[in-house]
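Heads up, the next two complexes both have chain A, just with different partners, chain B and then chain C.
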Partner chain A sequence: MTLFIQQLFDGLALGGVYCLAAIGLTLIFGVLRIPNLAHGALYMLGAYVTYFFLVTVGVPYVAAIGLAAVVLALLGVLMERLVFHPLRNAPHTHHMIAAVGAMFFFQAVAQALWGADFRRMESPISGSVTILGAQISWQRIVIVGTAVVVLGLLTWFVKRSIHGQTIEAIEQDRTGSSLVGISPSRVSMLTFGLAAALATVAAGLVAPINLLSPTMGDALSLKVFAIIILGGLGSLPGAVVGGFALALAEVMTSTYVSAAAGEGIAFVVIVLVLAIRPTGLFARAVQR
Partner chain B sequence: MLTVRGLSAGYDAVDVLHAVDITARDGELTVVLGANGSGKTTMFRAISGIVRPSAGDVEFDGRRLPGLAADRIVKAGVAHCPEGRHLFAKMPVEKNLLLGGYVRRRDQRRVRQLLERVYELFPVLYDKRRNPAGTLSGGQQQMVAIGRALMSDPSLLILDEPSMGLAPLVTAQVLDVVAQINRDGIGVLLAEQNAQAALRIAHHGFVLAEGRVVLSGTAADLLDHPDVREAYLGL
Partner chain C sequence: MTTTFSPQRIGTVLVALALLAAPLTLGGEEYVLRVLTVGATYAIAVYGMNLILGLTGQLSLAHGGFFGIGVYVVGLLTTDYHWAFWPSLAVAVVATAVGGYVAGVVALRTHEEYFAIFTMAMGFIIFLVISRWESVTHAHSGVSGVKFPEGFGAVDFSEPIVMYYLVLVFLLGAAYVTYAVRRSGIGRTLVAIRTSEDLARSIGVNVGLNKQLAFAASTTLAGLGGGLFAAVQGFVGPSAAGIDLTFEMLMFILVGGLGTVLGPVVGTFLVLFLFEFFQDFEAYRFLVLGPIIVVLVIFAPRGIVGYLNQFVGRVRSRRANGSRNPGRPHDDRKAESTTDVKEAL
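Now for the complex of A and B:
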């Protein structure tokens, strides 16, 4: 029972990280209808920039994540302008090729600046607390708490604020959005900035638990794609539910079956879901 | 005042509209008649910046519209309620309307006034304000589309076949409201299949055929014109 509770918390913490990374990806898909294959690379850069602010500059942990999120948001906007905006009328394969190019570019930049070796980011939050006999580290509690707060703020932004609503408006009807005066270009930039910032928060939260390396985003990239396909492309609740479901499945399988099976479970789940519900769990009808 | 001069436009380098001249005076209701495929929708799309004209000019209150981004055109006071409505189907009715006021977002008091006015014109939308727009009946969705266009506080409202697919009784209701909007001082440019009903509430009219203006005049003249009577009124 203690082991189960321990794993449950680990799963929730990992789920929080997956959610934050997956939401950005699903937002970009909803607005631009492209799979941003460079999303994992943005996550990786987010981790390194957090490391830079925390270790090299020496600002407090939360401020380091915040500053890194701002830097990455700007980078996300820049990427939209320089990479995807010029391709807005091109076939979709061009977007994918460009995204892969951006991913390699970001990895090369990280390697040039920080080297190819693994780096460790010491956890600034130490200690643990005993809940129902299980030792839960404060870092994991902070991850879950932050994920819940950020998800709450994001939901408020997308559903309640006029700027956030433009994201949903573009997803639902491009022509209608144009006619009420919403600029697709501005919404694309907003979406990329937001997605990159969310990926950075995820990376900054998980960095003290994992090691940093220029290719750390690759495995995450595959998993968040699995999550948003599982949840239904473009669906926010789908990304949240999918993120936690996948993380729990992964952690529980690693514990009770084997670590290798845990790594593979994501893809077993996705194959099962796609076999039964090919549009994902929370599919929205795609009208175009 | 909207002045369209020598406007040509189309899709994929094939023009549907050929050198069209049209004017819509301030505060008047101008109707555009024409069969399906005569170029009405393309003309409206070229005016509101959804398609780029291949030639000609559009001027509204002394400003040239072609080349302006769609949001600038809405801000300038031209609202386009398109064929097929293009609502945000999964959002509640009220959110659709509030997004209609997107370009006026810095003046929330005005947005509230406009919202009240829309609910006055279409009381049924107030009752349905929390329902997703896509779940409403065709007539009610058309009301949402017109309401959303009004929320941008336009001085010219472009309505592309608001009665398409509606029952005759609902069509009459929608056209009544269009006349009422026009009486409030908002200029209306209306495309309509029901020529007789449209000409009754209009001041001026134009007839398009194969992308060209073939007839124009006051609504009363057009109602009496033998060609119009034969082709559009079935008399």
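Now for the complex of A and C:
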């Protein structure tokens, strides 16, 4: 029972990270209709930039994550301008190929700046608390708490604020939104910036638990795809539910079955879901 | 096409001559010959990718996985099970053909980006199985001592140069298959599917079946390339099935030219040459190559061979039109997409 509770909290913390990363991806898909294969690379850079601010510059942990999020948001906007904007009328395969190029580039940058070796990021948040006999580290509680707060703010932003609402408008009807004066190009930039910032927050939170490496985004990239397929491409609540569901499934499988099975479950999910429903679970009518 | 000295034909002959003469001019440089032979096995698999991505317009990211299946079928059968090379290669080819067809039944129910994500997951599962199933695949310790093909008569395939020509024969076969498919009704059917599935269906094309056959053909070539790769390398590890390999092949074909007959071989050897050039700072090669991929996709999505074809086509149409229409209209892209069906090599 103690083991189960321990794993439950681990799963929730991981779920918080997955949610934050997956929401960015699902937003980008909703607005631009492209699967951004470089999302995992943005996450990885987010972790390294957080590391840079925390260790090299020496600012406090929360500020480091915030600064890194700003840097990555700018990078996300730049990437939209330089890579995806010129391709907006190209066939869908070209976006994915370009994203792969960007992904390799980011990995090479991280390796050139910080080396290929694993790096450990010490968190200022230490200690743990005992809940129902299970030792839960504060770091994990902070992850879950931050995820909830950020998700709340994001929901407010998208549903209530005027700039956030433009994102939903573009998702629903691109032409219609242009007619009422919403610039699709500006919304694309906003979405990319937001997505990169969210991925950075996720990476900054989880970095003290995991190690940093230039390839840390690869597996995550595929997992967030599994999540947004599970939750429906472009759906925010879907990404949240999918994120927690996949994280719990992963943690439980690696505890009770085997580590390799836990690693592979995300891909099995993608294959099973798409084999049964080729347009994903909860897919809305696809608009072009 | 009617003249004997069309630029495309000259280009084909030049590439073929370069490949045939390469080992002779290198004067016994073992290392370079090895790179060339490995490159040729990749190129065979890239021809497979060309069939599904270049002609049919479906981005399959499971290609490295099927290459890995070919590698491991030959690798494991010739070592742990003491099979001869040729039957092992036959098994690899049949396994990837059947595997591809069966996988295609499910995979091709999905479309566009879903297909790419689905095949990426499929490729990753193949990689996970190969890199984790220790009792069968030896996981990260890999497979060593893969046999050379059995020679006949005076032909001895353990000679690097003979092995090179053997792989080259298969490579020419793959190129010829692509050429034949392009010229046949099947090729036009596939291009029609690439242009628009709905339109193709409306003129009576069996879209599902044709896509499935194209996918199975592509995985078969991946398996063939993989099987030969195992014999050339002698030692193979799980990285021969990785997703990075898929992405590298994607770059090869993009540089060469999607949907062209010469694109895969030109792209593969050119990029491998660049890789070797940047070898001293191998880890950082993507600092240069990453942006190159992006720039190519944005500014030259048709690749080198595609660009040359376009150039030849433009010169020819200008000559045909005489002085009536000296400058082509600005939206070349649309005009090309109709001409390339007919004449691109």
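To be clear about the criterion, the second predicted complex is superposed on the first by the 281 of 288 C-alpha atoms of A that agree within 3 Å, B and C clash if a C-alpha of one lies under 4 Å from a C-alpha of the other, contacts with A are read in each partner's own complex, and residues count from 1 in each chain.
Everything below uses one rule, namely that a contact is a pair of C-beta atoms (placed from the backbone, for glycine too) under 8 Å apart; a residue touches a chain by one contact, two chains touch by 3 or more.
All values reported here derive from a predicted model rather than from experimental measurement.
Superposition model on chain A: chain B and chain C are shown accommodated side by side without a clash. More residues of chain A lie in touch with C than with the remaining chain of the pair chain B and chain C. Applying the stated contact rule after C-alpha superposition, one finds that A:58 touches neither chain B nor chain C.
In the superposed model, A:165 makes contact with chain B only, not with chain C.
Chain centres taken from Cα atoms put the angle at chain A, between chain B and chain C, at 90 degrees to the nearest 10. Judged by the touch definition given at the top, the superposed model places A:183 against chain B, while chain C stays out of reach.
By the touch criterion defined above, A:127 reaches neither chain B nor chain C.
Contacts of A:98 after superposition on the shared chain: chain C is touched, whereas chain B is not. Contact with chain B, but none with chain C, is seen for A:173 once the two complexes are overlaid on the shared chain. The least CA distance from chain B to chain C in the superposed model is 9 Å.
By the touch rule above, chain A contacts chain B in their complex via residues 162, 165-166, 168-169, 172-173, 175-183, 284, 287.
Residue ranges of chain B in contact with chain A, taken from their complex: 48-50, 69-71, 73-75, 79-82, 85-91, 95, 98-100, 102-103, 105, 148-149, 151-152. Only residues 53, 57, 59, 106, 109-114, 116-118, 120-122, 124-125, 128, 132, 243, 247, 250-251, 254, 283-287, 289-294, 297-298, 301 of chain C touch chain A when the two sit together in their complex. Touching chain C in their complex are the following residues of chain A: 33-35, 82-83, 86-87, 90-94, 96-98, 100-109, 111-112, 116, 218, 222, 225-226, 229, 260, 263-264, 266-268, 270-271, 274-275, 278-280.
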